[in-house]
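What follows are several structures.
Two complexes come next, and they have one chain in common, subunit A, joined by subunit B in the first and subunit C in the second.
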Partner chain A sequence: MELSCLQENLSKGLSIVGRAVPSRTTMPILRNVLLATDHGQLKLAATNLELGIVHWVGARVETDGAVTIPARNFIDLVNSLPAEQIALVVDEESQTLRLTCGSVKASFRGIDAEEFPVIPEPQDGAEMAVEAGDLRQALSQVTFAASGDESHKVLTGVLAEFEGQTLTLASADGFRLSVREIPLLHPIPQPLSVIIPARAMAELARIIGTQEEPVEISTTQPHNQVLFKLQDTVLNTQLIDGKYPDYRRIIPQEHTITVVVGRAELLQACKRAEIFARDATNIVKLAIGDGELTVEADSAEMGRGSTRLEANVEGPELEIAFNVRFLIDVLSAINTPQVVLELTTPTNPGVIKGVGDESFLHVVMPMHLGR
Partner chain B sequence: MTGWPILGHQLAVRQLQQAVSQDNVPHALLITGPENVGKMTLAHTLAQAMLCTADEDRPCGVCRACRKVAAGHHPDLLVISPEGPRGKLKIEAIRAAEQFLALTPHESRHKLVLVEHFEQATIGAANALLKTLEEPPGYAHLVLLAGDSESLLPTIVSRTNQIALRPLPVPLVEQALQSRRHVPAAEAERLARISGGRIGWAVRAVDEPEHLQQMEAAIAQWLALMSSDLPEQFAALKTLSRSDTDLRQMLAYWLIGWRDVLLLKTQAEAPLTLQEHRPALEQLAERVTIRQITALIERIGAAQALLQRNVNAQLLLETLLLAHQQTR
Partner chain C sequence: MTIRLLPEDVAARIAAGEVVERPASVVKELVENSLDAGATRLEIETRTGGQSLIRVRDNGQGIPQAEVTLAFRRHATSKLETAQDLERIRTLGFRGEALASIASVSRVTCTTRYTEESVGTRLRLEGGKVVSRQSLGWPQGTELRIEDLFYNVPARRKFLRAARTERKHIDAFITRYAIAYPQIAFSVMHDGRQMLLTAGRGDVREALLAVYGTDLGNSLLEIPAVFAEPELPIQVRGYVGPTTVHRANRGYITLFVNGRWIQDLRLTYAVIQAYHTLLPVKRYPVAFVIITLPPEEVDVNVHPAKTEVRFHNGDDVFRAVQRAVRGTVIAEAPAAATWQAPPPTAQQVVHQRLAALRPASPQAPLPEIAPADRPRPSQPHTAPAFEAAPPSESVPPQARARRLPPLRVVGQVSTMFIVAEGPDGLYLIDQHAAHERILYEQMVSAWRQGDIPSQALLEPVVVTLPADDAARLEPLLPALQTLGMLVEPFGGASFLVRSLPAHWRDADPQMLLADLAANTETQAPSPVRLELEEMIVRRICKRLAVKGGQVLSREEMDRLVRDLEQTENPRTCPHGRPTIIQISLEQLAHQFGR
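The block that comes next holds the complex of A and B.
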């Protein structure tokens, strides 16, 4: 293998795939990054066997080849180099990568690329596609609600249901549920439902960044992995095996109280209440009265604080308590100016939506007021 | 169908080969048999066959998947074992296996977990595995390796398909040592005899001479212990139980010794395992009765089982030696 490329491009590419390099692993080869020539470009790849990232960098390829190199050292060195051409040469015999950049020379002892896990690649004509902006927003609204409890593995994932014209993403951790629908760019004939690790989805959100081109989504046979194809990057993720709970049964079908309130004001009030709530298991009380909503928190040791907000209230008065962290999470993820809370009693789950946005819905369990 | 590179165990090999070619390998297998009899080799070959990408005659041994299994870094194979020779198989290891199996396979259609020395699993670890054994994902295969099924939880055993491996015929081991390892005939005969048909032990004795030396040291120590007096014995045991000697292995060597004494005493036809120590063994045989020998053999077996349960090693060995004392 012999090629040259620009330091900036290589450094950027490594920063993208480097996120998939595991910090702890029982398989030493996973600490390496794969460098391979591919159709006149340099292909970089890394995987932690849960998610893998492949990124293509423009390069002038003299001879084809592949090698794997210890990721951390290679990335640190490339980042330290001046913004010039980097020449990379692999000695196939000793699996050594030699790097030259201006006055800098370095060499890395590699491991045969054959030993690296097989990285799946999308076939041409991806089965599904969504707008990057939609997906980015949907991920920010859904992934945070996934559980961190590894003993209940399916809940650590995000459910992705592809059906007809719609992709529905849902996640829940037993206390809250986030559901977001986004349109598919072209309808699909066969419905498909998979559970994707939330960590992979969070990484996907990061990689999408500011890209505007549509994201193509495909699966490998026999539905072992899902691939998200971005402009110069492909993220592949293993799936979580199992049956996702029927989340639709958790969504309350009716409510007696509707509260419409400014999103930013409510978020601000919650953040203020959190100062007192964080010492008392994060409980905040929402007192709903005639045309107003009071957010208050009370700490036996510290004191108390409350914010009264003007709100459009329909239905009887109610006092209900929530985990303030959960409210902050969902209010930060909604981007309409106003939100609506749909409630029934202090012990029934509440629904939070953006006013005028039917594509997103959040259900949150109340906390016990303990009186 | 060409053969797997496994010596002996034809029945088990045939059974597994057939399961692989018909793609109906059970989700949970329990391979039992004495130490070093070839359990791991069999399990490893099974894993290779299941992950191999060749169309037939799996494992082909040359495809990328086969080579990765051989090198120990196939992403769809996880091997878990207890920590250290006296260690326990902990619940954390089982959890790691569960995490591994929760995600879909990476390169193959299957995902395998091999659990070595499952008899050393803590109760918690064994119970944690029950859930996975009960409803494994479609692609998941668990292969548990253990000395025997009696020491395992019945709930585990009943959820697995059991394959019992027995020691190979001694001549077969002798032949293999000569033909495959080019061991001189006399040495091959001796090693095969001492191995008692446990091929892994014989191969290890060839590859790692210190392994053989360890055994010889243990036997010499045992003979010395048998002819020394109580205070000396207690002093020796104190050092033994505090050293990092594999006590279970040591007791296994003692058993071999007592078996030979029993053979001498009963004037049986079977050849002695420790032919080299015949005079010392004969001396010992004169001092004990058959009844005493069988009682001792039973006690050593019980002690081996107790060692797995985290008992005080020094105390255990002392009681065992007091039982030996009565033979004087």
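The block that comes next holds the complex of A and C.
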């Protein structure tokens, strides 16, 4: 293998695939990143067997070939190089990669590319596609609500339901539920529903970045994996086996109180309240009165703080308590100027939506102060 | 059978059965008489465990010649005049029964000289009847020789144990009084051998050393005087063992009320409760607790032997004892044996020297020194100043932070222990025990303040348990609700969990309930109402705490150590095992031969 590419491109590519390199593993090969020539490009790949990322970098390929190189060291070196041409030559005999960049010369002992796990690649003519912007926003609104508790595997994932013209993403951790719908670019004939690890979704959101092109989604049913094809990158992840709870039952069908309030103001009030609610429980009280909403936190040790917000309130007065972290999470993810809270009693779940945005909804369970 | 009045000697012997149970009770009555007589020196001598001889000699005020005979009549006493006096008894004795009872079951020689008379009296009695009386020269005070105890009560004699056992009972009694009355010189001889000798200089520590030996005596912590409530002064003093000292039974818990040794299950429990979570399971503390309260607040006229008392405000006394003991124990803690308080200021040093010079009066040694400038003892085993409030009260954060020095995490050993560095050496922290302590205190303190926030579940979780577990869980449901966990029966052996305590919202409900239901019956019922919730909290904390074998990140370790520094009792887990071990720099240097 012999090729040259720009340091900038290689560095960016490595930072994308490097996220899939496991920090702890018993398989030495997984600590390596795969470098291979592919249709006149340099293909970079890394995997931890659950999550795999492949990225293509523009390159001038002289001769084809492949090798795997210890990822950490290679990434560190490439990042330290000047923004110039990098020449990479692999000595197939010794599996050694020699790198030249300006006055810098380096060589790495590699492992045979044959030993690297096969990372599935999407077939041509992907089944499903969504707008990158939609997906990016949907991920930011849904992923945070997934559970971190490994003992309930399905809840650590994001449910993705493809049906007709719509992809519905949902996640829940036992106390809150986020649901977001985004349009599919082409209708699909067969409904499909998979559970994707939230960690992989967070990675996907990061890689999508500012990309504009549609994201193609496909599954490899026999392998039980899902693939997201971006412009120069493919992310694939194992799916979580199991049955996701029927979240639709949890969404309250009616409410007696509607509060419309500025999103940024409410978020700011919650962050202020968090200062006082920062003990283990993060409890804040929302007092809903005539035309106003007061966000209040009280700490036995520190003191108390409250913010009164003007709000458009319909319905009776109410005091209800929530975990302020949950409120901050969801308010940060909504991007309409105003939000609406739909409430019933201090013990019934609350619903939070963006005003004028029917595609997203969040359900959060209240807290109770004992005695 | 006709009914008739019993002859006096028979009645006396029956009454004697209540007061004089064994030689130790004779010693008790005689020693209490001597103390009431204002003695400062007491000699006690026994032979064959008190069966053949008990001799008690004091330098008290003695008995006037004219009253000696009367002293041996039943219901004759100098300590009480009217029935009102019973309401505020200041003397140890008052019933006027002891001497008469003892005399009726033994041969007694009483030799005495009243302080204001120049001639003494010797009176001999057998079976309660005077057999001889003579006048003689005698130093001030009284000597009673009790010979052939129970010679006329074969039934009782048969039940006496071996001389060694009876000696043990006598010693158990006298040693306690020797500590409670450090201003009195006690000398105890058994069969010609000196068993105990206290100096009577008023130094309690000295008496402790004489009784318990150097190691135990030195390790005991002094309870500084505290008052439970200003309008009801209950003073609790004494000495308690640190958490590193424990015994297999409650026998080392001694209670004195108004100078009287009493046995009271509830107060004993208060002491044990004060060590709650600080001692290993099924181990009991060493404690010597002296309670002083106005005589009218306590009724000692409950039992002829007067080892039982009734308090008018039992709960106040219970709380006062528990607070004082716990405060003392917590202010010091096991690993603190090597963690020195900051060096005393110059003023404190002066106080300390003054205190050393001043012969401490045991009656009121502490209240006269204001808490703020009380000398800080330099020896690590003595209790630091008692600024630390009792546990149920809110402790100022500064006082709490004092408990552990600031630690820097060095790393983790064998995925079980955290290695940390402090200003004075190396600290090893058991990650599981430490986390248990943190969770436990967070929860219990929230629960004590009465506001455990609970987090409702998006969807109730159904938990099904084995039938017998379910039956055990059912009675716990109300307690669980006060802890913020709303659980409802859901038919059969199933339960519906609707909310979790906010502190534990990451817990798995199925697992929690299964843990709680498992073998709750092995928990002994306790007189304290709060116990059930604490037990639940303890169990849940055990389950939720990080386990040994769990790899912790640097941040997690830092957090754990910071949180541990914030706890009130950082040095033991809720089950009483240590959380932290310290190796001082000196120890390290010594090991390396530097």
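In the analysis below, the second predicted complex is superposed on the first by the 367 of 371 C-alpha atoms of A that agree within 3 Å, B and C clash if a C-alpha of one lies under 4 Å from a C-alpha of the other, contacts with A are read in each partner's own complex, and residues count from 1 in each chain.
In the analysis below, a contact is a pair of C-beta atoms (placed from the backbone, for glycine too) under 8 Å apart; a residue touches a chain by one contact, two chains touch by 3 or more.
Just so you know, these numbers come straight off a predicted model, no measurement behind them.
In this overlay on subunit A, subunit B fits alongside subunit C without clashing. By the touch criterion defined above, A:63 lies against neither subunit B nor subunit C after alignment on the C-alpha atoms of chain A. Looking at the shared chain after the overlay, A:29 reaches subunit B, while subunit C stays out of its contact range.
Residue contacts after overlaying the shared chain place A:240 against subunit B, while subunit C stays out of touching range. If you count the residues of subunit A touched by subunit B and by subunit C, you find the higher number for C. Once the two complexes are laid over each other on the shared chain, residue contacts for A:283 go to subunit C alone; subunit B is not touched. In the superposition on chain A, A:300 contacts subunit C only, with no contact to subunit B.
When both complexes are overlaid on chain A, the residue A:15 reaches neither subunit B nor subunit C. Aligning both complexes on chain A leaves subunit B and subunit C separated at their closest CA atoms by 8 Å.
In the superposition on chain A, the residues of subunit A touched by subunit B in one structure and by subunit C in the other are 151. By the touch criterion given at the top, residues 394, 397, 442, 446-447, 449-459, 482-484, 499, 502-503, 505-506, 508 of subunit C touch subunit A in their complex. Residues of subunit B touching subunit A in their complex: 64, 67-68, 71, 73, 75, 95, 98-99, 101-107, 109, 137-140.
Residues 148-149, 151-152, 172, 174-177, 245, 249-250, 280-283, 300-301, 321, 323, 347, 349, 363, 365-371 of subunit A are the ones that touch subunit C when the two sit in their complex.
Chain contact summary for the complex, subunit A toward subunit B: residues 27-29, 49-50, 114-115, 117-118, 150-151, 153, 197, 222-225, 238-242.
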